[in-house]
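Supplied in structure tokens, the structure appears directly below.
Letters are used for the chains, namely A, B, C, D, E and F, taken in the order the chains are written, and counting of residues starts over at 1 for each.
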Amino acid sequence: MTNEVTTEILATHVLDLAKAGKRLDGRGLDELRPVRITPGYVTSADGSALVELGDTKVLCGVKLEPGTPFPDTPNAGVLTTNAEIVPLSSPEYEPGPPSIQSIELSRVVDRAIRAAEAIDLAKLCVTPGEKCWTCFVDLHVLDDSGNLTDAALLAAMSALKNAKLPGERFEIGPTVPLEVNHLPIETTFVRIGDALIVDPTCEEEDTCQGRLTIATDEAGNVVAMQKSMVGAFSPHDVIELVDRALVHGDRLRELINTTK
Amino acid sequence: MTNEVTTEILATHVLDLAKAGKRLDGRGLDELRPVRITPGYVTSADGSALVELGDTKVLCGVKLEPGTPFPDTPNAGVLTTNAEIVPLSSPEYEPGPPSIQSIELSRVVDRAIRAAEAIDLAKLCVTPGEKCWTCFVDLHVLDDSGNLTDAALLAAMSALKNAKLPGERFEIGPTVPLEVNHLPIETTFVRIGDALIVDPTCEEEDTCQGRLTIATDEAGNVVAMQKSMVGAFSPHDVIELVDRALVHGDRLRELINTTK
Amino acid sequence: MTNEVTTEILATHVLDLAKAGKRLDGRGLDELRPVRITPGYVTSADGSALVELGDTKVLCGVKLEPGTPFPDTPNAGVLTTNAEIVPLSSPEYEPGPPSIQSIELSRVVDRAIRAAEAIDLAKLCVTPGEKCWTCFVDLHVLDDSGNLTDAALLAAMSALKNAKLPGERFEIGPTVPLEVNHLPIETTFVRIGDALIVDPTCEEEDTCQGRLTIATDEAGNVVAMQKSMVGAFSPHDVIELVDRALVHGDRLRELINTTK
Amino acid sequence: MGSVGAKDVPELLDAHGKRIDGRGLHDLRPLKIEAGVLQRATGSAFVEWGENKVMAAVYGPREVHPRHMQQNTKAVVQCRYNMASFSVDERKRPGLDRRSQEISKVIGEALESVLFVEEFPKTSIGIYIEVLQANAGTRCAGLVAASVALADAGIPMSDLVPAVAVGKIAGKLALDLRKEEDNYGESDVPMALVPRSGRLVLLQMEGHMTRDELKTAMDMGVKGCEKIYEIQKAALRNRYSLGGNGGGEAQ
Amino acid sequence: MGSVGAKDVPELLDAHGKRIDGRGLHDLRPLKIEAGVLQRATGSAFVEWGENKVMAAVYGPREVHPRHMQQNTKAVVQCRYNMASFSVDERKRPGLDRRSQEISKVIGEALESVLFVEEFPKTSIGIYIEVLQANAGTRCAGLVAASVALADAGIPMSDLVPAVAVGKIAGKLALDLRKEEDNYGESDVPMALVPRSGRLVLLQMEGHMTRDELKTAMDMGVKGCEKIYEIQKAALRNRYSLGGNGGGEAQ
Amino acid sequence: MGSVGAKDVPELLDAHGKRIDGRGLHDLRPLKIEAGVLQRATGSAFVEWGENKVMAAVYGPREVHPRHMQQNTKAVVQCRYNMASFSVDERKRPGLDRRSQEISKVIGEALESVLFVEEFPKTSIGIYIEVLQANAGTRCAGLVAASVALADAGIPMSDLVPAVAVGKIAGKLALDLRKEEDNYGESDVPMALVPRSGRLVLLQMEGHMTRDELKTAMDMGVKGCEKIYEIQKAALRNRYSLGGNGGGEAQ
């Protein structure tokens, strides 16, 4: 399906550039694409945000509905993260059940939200064991121009910060803003030869030798990591990337916090 | 899969005939195939009918079972229409999930029944918000020799008129005939060149430039329409076909009402 | 997918051997492969057993969980048999929904357990119509070297005999051994030319002209049969095989009963 | 087979040895077969057998889909036995459940046993059975219908395949069980015969039988199959005789 | 359409004949179209129409997957209309329900009616519509967006395809229904026009209308479509004019 | 990781710094590896690691199904990690859930990183892992087993791949978590090492760790992997030594 010759020529070119410290789009190796966040993009959701990371576009809609707590966590609400990589977003889409890419995307975003304890699920419990809020974080990928993960978590956290608990609609108390306690940010790197570059485009992802996503919180902790794709990182690489992720994380947290 | 050469030769032939006001099976452009209705064909159903429209055969079985009203219509029973175009019925069947043809068929039949208010769903409510009758209208296509839609709605309406509410079996009151208040009939036309012909065979459907189904009720209203397949109709065509559909509708209503 | 030339050469060879009363692995026509049973193989299950029949390996895990009786058998527990022929077990595995082989396997094993009344389902009822034990008999095929059915029922019966009703875990009375009342054994034969051979390997199954599985109980009754694969057996063949199945059944019952 | 906790077990044999519907132990239910009932299928047949109504159609030999199932040395036989949602008392969810899939497999294998599949390499023969109204014995009725549909389609076979079940009710062997006998009887042995060879191509069993009961059951089944075979042949003769409008019929 | 047991029916027309949002019977909701909004797609368009937000992308002509759907004499048009889970009040399960599948079919057939599919044999043209926020009329909004996306992709067509619904509310025909009008109105007729031929390529209807009402409804719809057509063309002009940043817009 | 509302948190470290099962912070659970345990697979291995029991099989290089996944320049690696329904306390529905699919992906990518896939274009290498009994660390156990199975299958690799998790319990870093430690601990970092290059091909993390803790955790993991590597090699030596019946074993 993919044109293998083109892929190989592109891979060689991307690699040659990386050796010279350069990238296809002229960015520096540790430079993010421009980020634009539009909270409240969709009014039918209880919270929403459109995130544009260069040409990559991810829309997140949050819906809050009454539900039942899981039997093993009777005092907690339920958080469900789902990602749809729809065929509109990329020529590489394949029909069928949710792709493994969309499953990994939703799980990595979900893991960061949970590990950072971004939402206090105990506060989403209404009646222990009986009634709680279910918080659906639905990610809709509109343009997959690379690094969906970082854009998706930015969209999810912006949408959660934008969300209201619709108590009045469901006659469960007043409608109040959803509390967001922590703000995890994911930063993704790929290896191209010996270069470790941040925020890869899809061309860079297609030709990389390993990808590493690092989620940090505002206290400087690492809360989640995911190495994926074929390739490898030394422990030394990982620590270097953690240091870089902490810097990017702080900058993006600042951006979310100042976007209205 | 389809033999493209044969298809093209057939299409040309059907088109040439239509220009001369003729059809493959010798019918006039506004002439239906012979219709035969056998109510009560299947005794395991609460109501049933076999409809033969030329060689096209559709069997409808109605089942009534206790269920729960939908939350947004607590005072109404539930109507569910389902069509199975089984592999027995046609060489064109493809394995897999319900085909889009069967989905469109069931939705267009369902729409006519609902829009005409053929069944008073409020009368199928037993206890508001808690218990109601669910009415399953299941269409089983046995021979797809064209124009499934018209045959399917005829079968559905005949089966509903034949149906009994099995109150005794489920200990919810006496067993009584299901009330049918209105009798929608669908009439389908296809465009072949400039000709607009009624009740198409499968050869005519395969080579047509647009199909239009018009549902009418006994008061002379249009209650549902569906244009489908590649092709187009002018508003003027549509009104001409509505006039023709009203005539066919009255004749077929008469047939259903006089068939025991 | 299968190499048809190899298959044909192998088929001829297996047939020639059978004419001479011989088999690929040197066994006699009515000789089983060595059987090894390891009850309690998996401690996460409530009962389990690994069965090795020659190279064929089937692991059975039994799980007992609280559930609801079926409406038409309010005084009985629920028995559910499921077989997973996982891709690890054979090069012939095809991706997709449960294969028809795995469905037939689970149904034939299930039928023998039920028909022999191995478990008294009435004793698995806790509160009539409301609460019962659901007994999941899950078969996991690890190596499909032929005759899965016989190995699977051996594993299922050994796992059931090994199982404990986990009353304490679910706070429904004490934890006690599950009662097993009868011990059905299945013996499978295939026709190769005129020879009727027992316990076929996968090479013998691939080239056979009919397969017959006969389940017997300890009282000498036939409780279930399944002819499958293309081929035929005369009534006279069937009675001969029943007689042979009764002998093998007694020997294997003895083995199960003496294995700790 | 004797479901646990079931109530109101009906009396399956009366004082005179008559069954619920008045039949004797060796009697078939009324059977009517009509060949060539569908326009689009290559071959077809309709069977009305007691209160069963079953339609069968055959398509092919034709191209194989999906392609990777194609076999270079023989036709692939694809068989599908399906029950209409309204064919039984309690509405059945549309689609093939596990029981229907198992029956599809054993019927397909039974019929392939009489087909000359080597004559049609790289093709598929589709056998489709729809149960429209069910009252025990639908797998046999489906097989009987499909066998006639294959003949109607002109597909070469070594023989027609009649089929019938023998069961045990109130301790006695009985031919061709109806619903109550199947539900409350002690065992059930459906079988399909190739009359020319005297061999069984379908054989299943559930319940309790001794070796000798099983032998007798197979004898009874074979005799029943021979009667059905005649009706199958009559249906095909009627199909090809010009005046024929009926089909084969029993009783 | 007047669901059974529904309560609190709002007043759809006030004493001055104004609609809930202040529009007259022949007024469209505000409509904004932007072409070329996605990087990876061959062509794309975004439509904001009243409170609807709909994105469309076109891919191709390209290889057909799965291969067996390939046609030797024409391109295969694959159309998918999908609603985001959060686009409606009550969260919708992700994935295509039966309604979305039907709409995908009729939109795909409508657009194929203006495409020169014979020019691209053995290829597929993928048309993907995502409803991000819904307030009645999303199938028309999707068609309008997809038509512009096809033009943006440079795929030859005989014409752009505008679309709009006409309904009956409080006994009067009204153009371009919004959610309350759709839920509590008496009928709904979505249609799509090929302006150059004056023919409809999409036409559905549900409710009650006399023949004459239907005739008037189509007249109103055609006039509405002609206005939308101008906005579609403006969006494409803006896309290709250097200074263009906006797209087409109404009101 | 510290689930909300959970009760009865066990004491994970005692006064002497011993863990629930008596291990020290740097100790592995007992590990036994046996290669070549299945007849039909090209290569196979069985791992018993603490209370985990995991089987792995490798098939190929062989034809690719479905065909359109075939790659002209390399082998396709298809990896499937599956848990038996009875491998965990509460019965798991058979089939791959989302967790299993994610683990299948990261294990497959980890192993492909050491395979010379370019040597086998147009083929597939199937790696199948079945967890028969689970007690935390099954993805590492599966990777360890699969790596030995690949070697048993004779598929060329740059190195064997050992794997282990490091976690944080009661504030301390600990090697190779067991179930209670995983459930009630503060974080978990599974990793897989290529010993010859010193690089990690699998690395995941969840919980809270500072940069320096993470550095230490990786050091501990690398040391654990080196021990496991020896047991993997011993298992393969045993497989090929004539008298060998055992496999590799720790403790």
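Following the convention adopted for this analysis, a contact is a pair of C-beta atoms (placed from the backbone, for glycine too) under 8 Å apart; a residue touches a chain by one contact, two chains touch by 3 or more.
Computed from a prediction, not measured in an experiment: that's the story for all the values here.
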Shared interface partners, meaning chains that touch chain C and chain F: D
Contact steps required, at the very least, to link chain A with chain C come to 2
Between A-E and B-E, more C-beta pairs in contact link B-E
Comparing contact pairs by residue number, the option in A-E, B-E or A-F matching C-F for over half of them is A-E
The chain whose C-alpha centroid lies farthest from that of chain E is chain C
Would you kindly tell me how far, in whole Å, the mean C-alpha position of chain D lies from that of chain C? 26
Between chain A and chain B, what's the gap in Å when you average each chain's C-alpha atoms? 48
Report, in whole Å, the distance between the mean C-alpha point of chain B and the mean C-alpha point of chain D. 31
If I count partner chains per residue in chain D, which residues reach a count of at least 2? 65, 68
Going by residue number, chain C touches two or more other chains at 1
By the touch definition up top, name every chain pair that qualifies. A-E, A-F, B-D, B-E, C-D, C-F, D-E, D-F, E-F
In the complex with chain D, residue positions of chain B that touch it: 1, 41-45, 48, 55, 57, 59, 61-63, 65, 82, 84, 86-91, 94-95, 136, 138, 140, 142-145, 202
For chain F, which residues are in contact with chain C within the complex? 38-41, 44, 51, 53, 55-57, 59, 62-63, 65, 80, 82, 84-91, 94, 126, 128-130, 132-135
Contacts from chain C onto chain D in the complex sit at residues 1, 4, 8, 69, 72-76, 100, 103-104, 106-107, 111, 114-115, 121-122, 125, 210, 212, 217, 220-235, 237-239, 242-243, 246
For a test of understanding, state which residues of chain F touch chain A in their complex under the given definition. 1, 3-6, 68, 71-73, 98-99, 101-102, 104-106, 109, 112-113, 187, 189, 194, 197-211, 214-215, 218-219, 222
Spell out the part of chain F that touches chain E in their complex, as residue ranges. 68
